[in-house]
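Chains here go by letter, A, B and C, matching the order in which they are written, and residues are numbered from 1 within each.
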Amino acid sequence: METTKKLIVGMFVGGCLLLFGLGLFLIGNSNQLFTKSFNVYAEFSKITGIQNGGKVRVAGMDAGTVTRIEVPTGPEGKFRIHFRIVEKLHPIVRQDSIATIQTDGLLGNKYLQIEAGSSNVELALKDSQIQSKEPFDWGDLMDEMNGVVKQVNGIMAGVKDQLVSTLTEIQGTVKSANHLIKDATPNVKSILASADRISANLQEIIDGVQKGQGTVGALFKDKELYASIKRSADKTERVVDNIRDTSASAMKIVNKVEESDIVPEVQRSIKNLQQITLQVKDAVDKFQSASGEGGVGENLQRTLADAHEAMSDLSDNTEALKHNFLFRGFFKKRGFYDLGALTTPEYKNPAFAKGFKKHRVWLDSVDLFTKDAKGLELLSVEGKVKLDEAMTDILKFPRNGPLMLEGFAAEGTPAQQHLVARRRAVRVQAYIVDRFHLRPSYVGVVSMGAEPADKGTVVGFKEGVGIVTFYK
Amino acid sequence: MSDEPTPAIRFDGVSKSFGSRVVLKDVSFSVATGTAFVLLGRSGTGKSVTLKLICGLLKADSGSVFVNGEDITNLDSDQLATTRKRIGFLFQSAALFDSISVGENVAFPLRRHTSKPDAEIREEAKSILEKLGLGKEYDSMPGDLSGGMRKRAGLARALAVEPSILLVDEPSAGLDPITSSEIDDLLIDVKTNRKATLVIVTHNIPSARRIADRMAFLDNGQLVAEGTVEELEKSEHQLVRDCMKSKQGG
Amino acid sequence: MENAERAIEWFGGLSLFAGQVIRNSFSPPFEFTEILKQIFEIGWRSAPLIILSGLAVGSVLSMHTRSTLERFGAESMIPTALAFALVKETGPLVTGLLVSGRVGAGIGAELGGMRVTEQIDALESLAVNSFKYLVVTRVVACVVAMPLLTVLMNFAGVLGGFFAETLVSGSSFTFYFNTAFSSLSFSDYIPPTIKTTVFGFIIGTTSAFLGYNATGGAEGVGRAATQSVVLSSIFLIVCNVLLVKFIFFLYPGSGS
């Protein structure tokens, strides 16, 4: 064996080992293995798949790796994730830095994100604990939002009750209180409307997810929408906290009013009216803005306005989410996005419920409605029997598309026609949804106004309700 | 027996079979040091097997093989290697290592078994090749040589470590009569000048007559006749006598 | 039935042979010079083949991943995806198959040829342990060369991917290599590379076994060469399944 051959072998082996080492170095470098670093840890109740060797990023910059994961000893315990951060980034890791578990890109690995801290807080100590925020989970957001919605609902109900009771208690006694309530009521109402809408939207999205129409993880692609939802959710949460605080103070005042026995007093005796009025006025003054800045009334106003804004944001966002391409398929397949927002031209458009077959049952308004004292149409007993019969026919068909209630009316101006037609359909909707336990979001109402009757059946114009089921 | 010198090779009731095929059956003979022993016999009668048994490439099923008085049937590979260093083997096809040059083939055993410096080994290999008329072929590859030259190169390699025993398998196979007799001359030279013991397997009767001190005839795995050329010519076996009369190798 | 019996017997022979190889690899004398020579033959001489194939495989993989990832708008993941595919599986396996083709056939034919032309007997007659000299050296050289060639293949692959990628998107060399390796962890890189030593052992042992025990003249040599390639490829692929599973077992993290 000649020397040259030996030389070549040496170069070959050495070169390959060098390449291998280069690979090691590149990997180690990206994991910050060769840089001076310090160890800290954070605790999470769930770690959503983060692993030993997982990446750690400080404010988005690669900063180290997860070194060890301690498993909790009991179900109430938390996972303790130990990780390294390069010394270079230590100045921005403060004691108020927060660790979260994030996903890298669309379908990427999990990594630990450490937010930069505040400059007036001390540096995070070595081997100390970093505060953590539980991993964000779409399901959690749903739960959270559900919770928030419920909370809002509850609080709203509470606030409303309180307001209403306060209202009745002091109505006619103190005008300023009236003003306050008047100012608050529209806000409260619109908040409640938004809340209803959010829960409906979320319900539909959850339906979509369950049907496998959208991968939750893939939602992250629509970053802007996601961030927007998250912002709204955060805001809502904050607002709800405020509302809670404010309503608690409101409650106190109401209690005070109650404690002062003004209500029975009012009822009992008119003689003491003057005195009572003064007492109540005093209480309401406090309620309104007695203590100058941060007055409860003002606070409540502001919070409610905030809540209103946040809730309508959230409502818009959930609506946008429905149109997100991942869910679009589901809604397309279903044939409609939101029956509640359906306009008559949209309904008449052939694109509506494309690909569905339909079955129609016609009911004359004469058979369905009686008129009450004010001349409003209500469902008659016979009408309900008719509806039951009609629904038995309708329910024979597969329930996989929308059920539309078309209202027809031909009397009066077009606006009156529209309103009457709509009311008729709404009456029928209310009855059948309740009676046959239908899913409200699948039962739509559309006002068709005046339309010539089908040939041969009825003469003149259609007066009544058509029940149309769409199916596949 | 005791006062006689130890024979270079002695077979004592050796049997060997491959599967169900019996190749040697209770074969006994001995070869005195410094003599040439020719094994004759028809193809497939176990002549090559006999050579491989001597050199330990095969192991006898029963009986003993003695080389320079030492029973090699039960040696481990290290001890066998020591024995083999004293034995040269010229294979039928010469069995030169075709990945290295002719010179390196000859130098190979020297490199393996001596710690001489490279230049000295090359010098030695070259001188062996020169003696066998291959002085110019040191750097040729074995594939480029003619049959006779390969045989001579194989002989050169076998002789490189100066063996006391030389085993030769079919020295004239595939060679023309002139080349074949050149090889015979070389073998005789080895016997007389190096005082080596030769065991030669051949079909070529004329060349066997030239070289052999003693001969043996194998038939069906058994030694049917053993003795000098004259003794075999008068053998009671028709087959042996017929064979001895043939003029051609075959 | 008889075939099955023969196959089992053959496999038993191979296993004993492999055991003998392992035993002999650790007992002196060590044929260092011969091992170096075989590393030259098996490693260095295979390098051009491996590098060329690596460049080709890498660029093709890159083109495919591009067309797939483009759909998700994840072009930035191309180097990562390519490095993952290459380093974790494609590199080792393709290298194994290429080496079993080139080297397996070579060993089978060379040892087969030496067997039928009595060169192995000649070696023995020259007091050389032919097993150590011919078989162990080749197996050891395969074991040493395989991971080295795999590293070459991986880097050539990433380089090929870079060429393919830079033509389309003009990404920079440093960026490409950094991204390619940044998402890998040591457990993605080291075990798959080390496992190729087993591939080397399989290729070396199987083809040496077939060559060393070849019979039947030139035809037998041809048979030994062909079977060396076929059988060592099959064993390698099957064994890879076990090895991958085993690596997951050792490094559960590398499964994702």
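Keep in mind that, in the parts below, a residue touches a chain if its C-beta (ideal position, glycine included) is under 8 Å from a C-beta of that chain, and two chains touch if they have at least 3 such contacts.
All figures in this text were calculated on a predicted structure; none of them were measured in a lab.
*Asks:* Two chains share more C-beta contact pairs than any other pair here; which two are they?
*Replies:* Greatest count of contact pairs is found between chains A-C.
*Asks:* Looking at mean CA positions, which chain is nearest the middle of everything shown?
*Replies:* That would be C.
*Asks:* Quick check: how many Å separate the C-alpha centres of subunit B and subunit C?
*Replies:* About 42 Å, centre to centre.
*Asks:* CA centre of subunit A versus CA centre of subunit C: separation in Å?
*Replies:* It comes to 57 Å between the two C-alpha centres.
*Asks:* From the mean C-alpha coordinate of subunit A to that of subunit B, what's the distance rounded to whole Å?
*Replies:* Chain centroid spacing, subunit A to subunit B, equals 98 Å.
*Asks:* For subunit C, which residues are in contact with subunit A within the complex?
*Replies:* So the residues of subunit C touching subunit A come out as 33, 36-37, 39-40, 43-44, 47, 72-74, 77, 87, 144, 147-149, 151-152, 154-155, 177-178, 180-190, 193, 253, 256.
*Asks:* For the complex, give me every residue of subunit A touching subunit C.
*Replies:* These residues of subunit A touch subunit C: 1, 5-6, 8-9, 12-13, 16-17, 19-20, 22-24, 26-28, 30-31, 49, 51-53, 62, 105-106, 108-109, 221.
*Asks:* Inside the complex, what are the residues of subunit C that reach subunit B?
*Replies:* Spelled out, the residues of subunit C in touch with subunit B are 110, 113-114, 117-119, 121-129.
*Asks:* Could you pull out which subunit B residues touch subunit C in their complex?
*Replies:* Result: residues 52, 55-57, 77, 80-82, 84-85, 87-89, 91-93, 95-99, 108-109, 112-113, 157-158, 161, 167 of subunit B touch subunit C.
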